[in-house]
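One chain, chain A, links the two complexes that follow: it is found with chain B in the first and with chain C in the second.
After this line comes the complex of A and B, so read on.
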């Protein structure tokens, strides 16, 4: 007993190596939640002479919520497009589950387990809610041409399972409307939910949300925060681009700040809030008289 | 009157089969595939060759042999369609649309004059001629082959509708037509689905080609030109990019032609058909079933 206490005292003693540092809990990086999922290393994206992203590095683990913030035009969406395979980084690399994504087709990146939503909701407009979600199961659904033409029992089984799964995801995100409606008939907040359900239906290990809170009212935002946490509990890693600081501060475990394509800070919400460079980027530099 | 309607529906079902390919390809990659009519011509010539090689069986077994030939020709033209897309259109997918359009016109010439090199410029006589004793129904003169061909056309369209509206592949096709980028992110292999669309469209055009050969009896290397334009007209009338629109447009164009020639005389047939195209483009460019107008060429 006494030995053990001594032992623990010793370790404690070792941790508090810097007497006087008051923010000890934030200075120690949070222990990783799960396996390393995404690793962005020194990513540069360039359009002609414009450097949209100029050196961005961050890691995401399973079950972790990371936010990427920055003023308008800071390169957040460009970074997302690069991670999901629409742009090729001019320098640096993107590793997902240990594999380099920089030369991979977007559909294969999705199959590896990455999904995203868009800044402006991009659902398939002429399709019903259910069909939108079912499209996301494309790569996992096995039906051959003869089955679909002849409507064999195998076709019916596959379609039924697909429908059930899709309904499951719609329930998960709390969609309360009619799943047979065209998505364009839904209110905006519901469309956002359907888009998240569609992304989840690809069974992602990592979910990228591009401004999921845009255009939502206060209670919808609270529901969104609850949903993001619920998704994290599935073990999915989440990367969030968001302008609403309240939402970001409440939900994120770590925040990466971009300004003019450059990464200017990476830390916990508490650190970010007090980082002079972040404050400067958002509010402008204080004049030194 | 019944006769006119029947004739219109009969010709219209050919138009519809060809128009479907036009419309599906336009819907999915926004390309007016001007080589499409020539795939129809290629279908006729494939049928012509295949039937020529089994001419011993013709006579008693005409219909079953014709069906088999139809199927083989569809596989062949479908494959050609996939190759055309891969060779001529895919490398240009991200170039301006006009470039692809010109390539399509070029592809059309390649097919036409390639066939002319092989089979010569003069018309060929199809080895099978589907004629038959007419049946009279409500004063209309209908032949058995006409009924068979229309049933085949209807069956093809029925299966297509089922495929596009109710299957995983169909969902993928429609999702690409609506938003290609988002489809990619849902794990849809866009290239594969586009290939498949070309296969289906070209196979249907090939089927129409064989059927037309068997019905009209004579084929030549330029036969695809006018039907290509007619199919385009049908697709525009129905609302281009819309599957049901293509079917409806084909039948409507067939009926318009049938009544138009009855009033104006046979030599006005094409004039009347293309006047309809112009009228639709000026007054209802979205067609009967189309809605969005923003993304038209």
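After this line comes the complex of A and C, so read on.
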């Protein structure tokens, strides 16, 4: 963290793109700054007769924060599951760093550098906090079965490094509990943090967060916003599904709005806020503050 | 099958893990270090088991302890499948049969010594693990259990009907361990003690083999593969999202389980010098599963206790004659009522091994959270007039 990577310098230079400075109404969407990372093209997901996602297209560039919003049942999580390989799109393509992901196993997609969290916290409940994070380093750990059986120096080296890295990520997300506790013993907010630490431990280039703010109180949400910005500073691109409009407007650089599986808008927070279609579909019905 | 060999394809890492900066409480030093304490404890049990025959050694006691150790090996193998990977296997005894029959056939037909049969047994077990696991591991939970139950029966019925396996009467006259022309049957006098029966030799062989089986399975459970197994058990989709090829990981659990079971089969075959299909009935799969569940799924000391219980309790209850299986059953029901996670649950730690240093207090934590919040810039709409 102390040494600035090329990416983080790039993002430093892109602070202009933060919502705070995009107040002036702009008609054209912000020009993409980093390299193209994820490109979803005309994605359709169908379950029987139900069109969960009906022609979604958006791009994510390196180190960018994008939110996908929409009313309940709009197909946000289906789109996420499709991008990460859990569902197969019935039409369209998902390109990640130039590779087509549509027929890949989720584990291979993760190995390429895309990590995700789940809508309902899905930690490994009978494992300790530390083990949960260590598990995410599986594919990068240089340790084979014989090393484990014979406790070779390579095993000890790999395990020691793995533990240190896991502790590093836990500290990074601000986890404050006992890392040797079972995850089920933690309060909900801490579980959310551990899930993000676990996703980061896979060393992603793109992090997909599925409603990370759900169930958090005000101060926990503020800490989450700070954490999301901190992750972006590492150069990681972030795609966010979130219902909390305050959080979304504050943190995202661009917003994609879905309704009934269809993409109805794509633009800066300011544009989205003033888009009549969005207000009609979403904010108008939900906005009570 | 293409998915079995995942793509090596990878983009260069963007991130390096930050160094931990929060001070962590120190582990207990010396003997109170949890892992070291349990290792020492295991070593003491091992030495006690080695010394036991020199104190009191009727052939009967040695013989039932030998079969108890075979159960320990089996239970450690099944613990990998059921306890670590969470795959309910009701036909585990099939692998036991594959090991016993492969070794038995090679020994009686080709005259190989037990040691020489082991490499072939390993190959046979890996093959059996892939054949049984490959198609069935796409199933989950109850469905998997039913299919494995079927496979267990298929293996037994096949052995019952093939000529090469000796049909219902099985294989007899399996050769014992021999090296350089000397075999266990010859007996020996070591350190002034007369080892006249091979029963005693088998006991020592099984102490060592059982010890290695326990250490091996426990080490696997703590390493990279063990974490992957446990993650698949706890949440398969989340494991997949962590870059773990769940199919391959489950198959590896099956193969490791098959190897442990197969090697136990080899030792059982040469211990009893005979194998027959009646040794591989469903009852034994159920008993070994009971050892794992009763002892504590995924817990090494628990599973050993469970295996010793299911193998020794019927012997200890012999005085009750016809009642012994009833009492055996009642004891198990009582255990499950009072210890639903097993006698020694997987995450249990002896109370005096817990770390003493306190964790960060809640107040301290909130303070640092506040510090983070301060750096958050004001939301734009509030600055607009």
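Everything below uses one rule, namely that the second predicted complex is superposed on the first by the 255 of 289 C-alpha atoms of A that agree within 3 Å, B and C clash if a C-alpha of one lies under 4 Å from a C-alpha of the other, contacts with A are read in each partner's own complex, and residues count from 1 in each chain.
As a convention for this text, contacts are C-beta pairs under 8 Å (C-beta built on N, C-alpha and C of every residue); 3 or more make two chains touch, one makes a residue touch a chain.
The structure presented is a predicted model; accordingly, all values stated were derived computationally and were not measured.
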First (chain B), second (chain C), both or neither touched by A:92: neither
Which of chain B and chain C A:55 touches, first, second, both or neither: neither
Contacts of A:172 with chain B and chain C, given as first, second, both or neither: second
Contacts of A:118 with chain B and chain C, given as first, second, both or neither: both
Chain B versus chain C, judged by how many residues of chain A each one touches: C
First, second, both or neither for A:182, with chain B first and chain C second: second
Chain B versus chain C as contact partner of A:222, first or second or both or neither: second
Doubly contacted chain A residues - partners chain C and chain B: 84, 86, 105-107, 110-111, 115-116, 118, 122-127, 131, 134-136, 138-141, 143, 145, 148-149, 151, 155, 158-159, 162, 198, 202
Chain C-facing residues of chain A, complex: 1, 5, 7, 18-20, 22-23, 84, 86, 97, 99, 104-108, 110-113, 115-116, 118, 122-128, 131, 134-136, 138-141, 143, 145, 147-149, 151, 155, 158-159, 162, 164-172, 174, 176-180, 182, 198, 200-205, 219, 222-223, 225-227, 229, 234-236, 246, 249-250
Residue numbers on chain A that touch chain B, as the complex places them: 84-86, 105-107, 110-111, 115-116, 118, 122-127, 131, 134-141, 143, 145, 148-149, 151, 155, 158-159, 162, 198, 202
Interfacial residue positions of chain C with respect to chain A in the complex: 3, 6-7, 9-11, 13-15, 17-22, 24, 216, 219-220, 222-228, 230-231, 233-235, 237-246, 252, 298, 346-347, 355, 359-360, 362, 364-366, 368-370, 372-373, 375-381, 383-384
Partner chain A, residues of chain B touching it in the complex: 159, 162-163, 166-172, 174-175, 178-179, 181-190
